[in-house]
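In what follows, a structure is listed as structure tokens, so that the remarks can point back to it.
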Amino acid sequence: MGGMSGSPHFALTLSCPDRPGIVAAVSRVLFENGANIRESNQFEDQETGTFFARIEFNFVGDDRSSSLRSNFSDAARDFGMTWNIRDLSILQRVLLLVSRDDHCLADILYRWRNGELAMDVVGIVSNHPRENFRHHDFDGIAFDHLPITPGAKAQQELLIEGIITQRKVELVVLARYMQVLSNDLSIKLAGRCINIHHSFLPGFKGAKPYNQAHARGVKLIGATAHYVTADLDEGPIIEQDVERVTHRDSAADLVQKGRDIERRVLSRAVAWHLDGRVILNGHKAIVFAD
Amino acid sequence: MGGMSGSPHFALTLSCPDRPGIVAAVSRVLFENGANIRESNQFEDQETGTFFARIEFNFVGDDRSSSLRSNFSDAARDFGMTWNIRDLSILQRVLLLVSRDDHCLADILYRWRNGELAMDVVGIVSNHPRENFRHHDFDGIAFDHLPITPGAKAQQELLIEGIITQRKVELVVLARYMQVLSNDLSIKLAGRCINIHHSFLPGFKGAKPYNQAHARGVKLIGATAHYVTADLDEGPIIEQDVERVTHRDSAADLVQKGRDIERRVLSRAVAWHLDGRVILNGHKAIVFAD
Amino acid sequence: MGGMSGSPHFALTLSCPDRPGIVAAVSRVLFENGANIRESNQFEDQETGTFFARIEFNFVGDDRSSSLRSNFSDAARDFGMTWNIRDLSILQRVLLLVSRDDHCLADILYRWRNGELAMDVVGIVSNHPRENFRHHDFDGIAFDHLPITPGAKAQQELLIEGIITQRKVELVVLARYMQVLSNDLSIKLAGRCINIHHSFLPGFKGAKPYNQAHARGVKLIGATAHYVTADLDEGPIIEQDVERVTHRDSAADLVQKGRDIERRVLSRAVAWHLDGRVILNGHKAIVFAD
Amino acid sequence: MGGMSGSPHFALTLSCPDRPGIVAAVSRVLFENGANIRESNQFEDQETGTFFARIEFNFVGDDRSSSLRSNFSDAARDFGMTWNIRDLSILQRVLLLVSRDDHCLADILYRWRNGELAMDVVGIVSNHPRENFRHHDFDGIAFDHLPITPGAKAQQELLIEGIITQRKVELVVLARYMQVLSNDLSIKLAGRCINIHHSFLPGFKGAKPYNQAHARGVKLIGATAHYVTADLDEGPIIEQDVERVTHRDSAADLVQKGRDIERRVLSRAVAWHLDGRVILNGHKAIVFAD
């Protein structure tokens, strides 16, 4: 992960109908504009006839990204591309939402500090007070306690939306935020809001999935990180993982083991998103994992 | 796995309401009857207040299992035990049912030959002809081709049931047998018929689960071995496992990777059942894995 | 993990030459002294003819542990047992040693706070200053900065030994403490000092194991938690785990992935030790994992 | 795995000093010669400044591979490339070497039959007689029993070498062939002879590695598939995997569990080699796994 944070380096991501000549055209433009390819991934979806690529590059000499961008748009037009060139050294602005359980938050903050998650955390919002997180050094990150009062959930969400707008938030991470976002907000945040779903998805939906899993006597439990969509828990899957459990594990044990899975699955998904490694393919996510 | 096949060695399995003194009583009877404990597992289910144990033992001198059995029944009565003492050196009589796909069958036969699955295979039944399995050396095992003709599924099942009765079958393994057993037969075989469910259970049920998994863009696929019950695919889970997949994997790739998971999950479940390591706890299975 | 912290509950651990009657005798004493068995594990080592057991129990009524202890010693004598009865609700006194890298420390402190690691942390010692850990809330735990000056390593170790003695430390955790303990101290701490070895043991020993692993082009990296012995990195193994890596991973990437493995392997080993689930069997560790 | 066997489809693999313009040049030649890229992988080794790529393609209309090859050699010369274009629909000629244990052989034959391993098995050679494999249907594959008599190991190897030459063998798979190849033969077969090493490499070398692992009390065992080099067990690693073991596992249990790991690790390595997914990078192997 990570790599060259500091000096400018870029990720070009693109998708378009698959046909011969795409790579030739793309790599020619990159070469002619002085780009030095550092890592390249592509995927040809035979089912939908769609081509996807992510190319990471830097410039050996001057930063010629603006001329590259304008030259690239011509090629992109010819192939009907959806594309984006992003300077990975410019950190994305991230908002963390969290409820009472802080295991995912703790893990994200730890990785943010040690550089594994290169991002600009512009805020932490919780429906629980700062006191709930008293052992965490937020290190200057703004914290907003936005409690939910009966009948006033919509107002609370408006406040969150205000923060997203004002702080120019690019990615929202639901780090065990136990409130369902409204359809409206889910749609606004399409492709830039990541949730962690405890227990293995698809599988046990609804309340208390670990209790359901325990009642069913499963031998594996898991977690799924996915983009939030209006259709709750059905957004594109970014990452999943599992751990083995036995009949000895109580529902409480599953919750504890689940914490470990959740934190690592969510952190991986966030890292890949930040690095531009996740591209949507309809209801699915292509992940060019590092 | 395995261990001492050949000379007599026994597995005592029991369950009863949990209360002090069970282990003391059980181990006293074993000791007084000359049993030498080789392996012992127990589980106290705090939720239901039930005690479960499996104790593997042999006799240093004479086989005193019949006196042990009669002495044990007194202790068992006091504690309201469900119990069983089985000589593991007497191989269980197993019937394998299989449809076209032979990967689970191949794995089971391989492990049967090399001693990993100590059992007496008394028959292989398929709704596909012997020719479908032409590369397999059945090594004298009776093979019955019982095709299913339209409207005559019930008759075919009666033939299977006849085989089960006549050959005194103790365990039926559905090694990718793609026919649903009737409620009646499922009930008759309760706790002694193991199925392998492709894809991860619970999760994708119904037809073509790998296609469903592919359409959903999952990052893990799995398999579940479980006892057959009248409630299809909802029987007690014995074993599960998963493997990682990516966006590159087509539905056909998932099927291929699924084969590897299915064969190892089913073989493990069968091995544990044969060794008396699986005890039912309501709708769940306690597995004292080795 | 965890379970019933708060009210007294006990772990009896024992080992002795294997012969018939041990379990009968042990469970009789427990029963007659009012012990209610909650969990029981045993292992018969056929190679060395040694019996090992761990029995977790509580008392339904009064705490009769002192009478149990005295009654038990008679039985223990008959069987030549090494044994111990410990009240798990009395937290063990633990000293954490750490150098610059704080990932294991962070994980241990997190699990200590949320109750996964039930222990009494009586001190954190580092050869690096408090400033190195400035983002950590030590929450009142004494911190000692014991730098190592050239030629004065022995003196520094004496200070550590002093802390161990004065604070009645029962377990020392080397949470990525990069200094080799002297033979003397290793021997004094035999069976109560846990180290985490980065990279997979046995395998790459010596300096910079991740660089060695990278140079070798391995496809898996791992970590090993083990008891410290005078023979560096050769102590009894408590837990190991691995993760997949590819040719894309630089040595720095291996270090990063290694951090995740190290922290979870060390935390698991510490949890099992605290719960009395690890029993030494010569140079090996028996782990009755939960 | 697999995919389009049947109609011609090609894998271009290449490596060269990394500099801007490689991908542009390569993809231009492919495009101008009618190649339709199906899958593409590349890797820029920052340490050695070397570029590696594998591009899988077919032709929508006529097979223009011969003109492509000649056009490609010009581009290749400019960049100092080592390269190869191979028609994946032309099966590689493979020789299997095996000793007494047949678990890897059984797995390879099974996957060969069901199409997972698309190859032309031109022979099976063993130092054990055909009777040792009596349950296997070799399905017309030539079998040679080449026993090793005292003092005549070199002669036996000459016979193997003769078979390799006469049958134009492209890949030799040591499917648990327990004889060490001579330096000479190892050098001749560099990069086209795959071995499976039981136990985890690096780690336990020498005789009876599972016994060593058992004596050490490891919690994981593994297997490594690697290219054979004159330096025994030190060849480039293609694939590794592990499984969890406990103190309950005897050395014999490790051997049994090891069989499962060995067969799947070897089969994966062979599949990737056949698909041209493994490229040597000095002493390491780049694996563009599917």
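List of remarks:
When the chains are written out, they are named A, B, C and D in that same order, and each has its own residue count from 1.
Throughout what follows, contacts are C-beta pairs under 8 Å (C-beta built on N, C-alpha and C of every residue); 3 or more make two chains touch, one makes a residue touch a chain.
None of the values given here were measured: they were computed from a predicted structure.
For the copy pair subunit A and subunit B, the superposing rotation over Cα atoms measures out at 180 degrees to the nearest 5. Distance between Cα centroids is largest for the pairing of subunit C with D.
Averaging C-alpha coordinates per chain places the centre of subunit A 41 Å away from that of subunit B.
If you average the Cα atoms of subunit A and of subunit D, the two centres end up 37 Å apart.
Across the assembly, subunit C contributes 39, 43, 46, 248, 250 as residues in contact with two or more other chains. Listing the residues of subunit D that touch subunit B in their complex gives 1-3, 39, 103, 106, 110, 113-114, 116, 134-137, 139, 248, 253, 256, 260, 264, 290.
For subunit C in complex with subunit D, the residues that touch the partner chain are 43, 45-47, 200, 202-204, 215-220, 222, 236-242, 246-248, 250, 281, 283-287, 289. Against subunit D, in their complex, subunit A makes its touches with residues 20-21, 23-24, 27-28, 30-32, 34-44, 46, 60.
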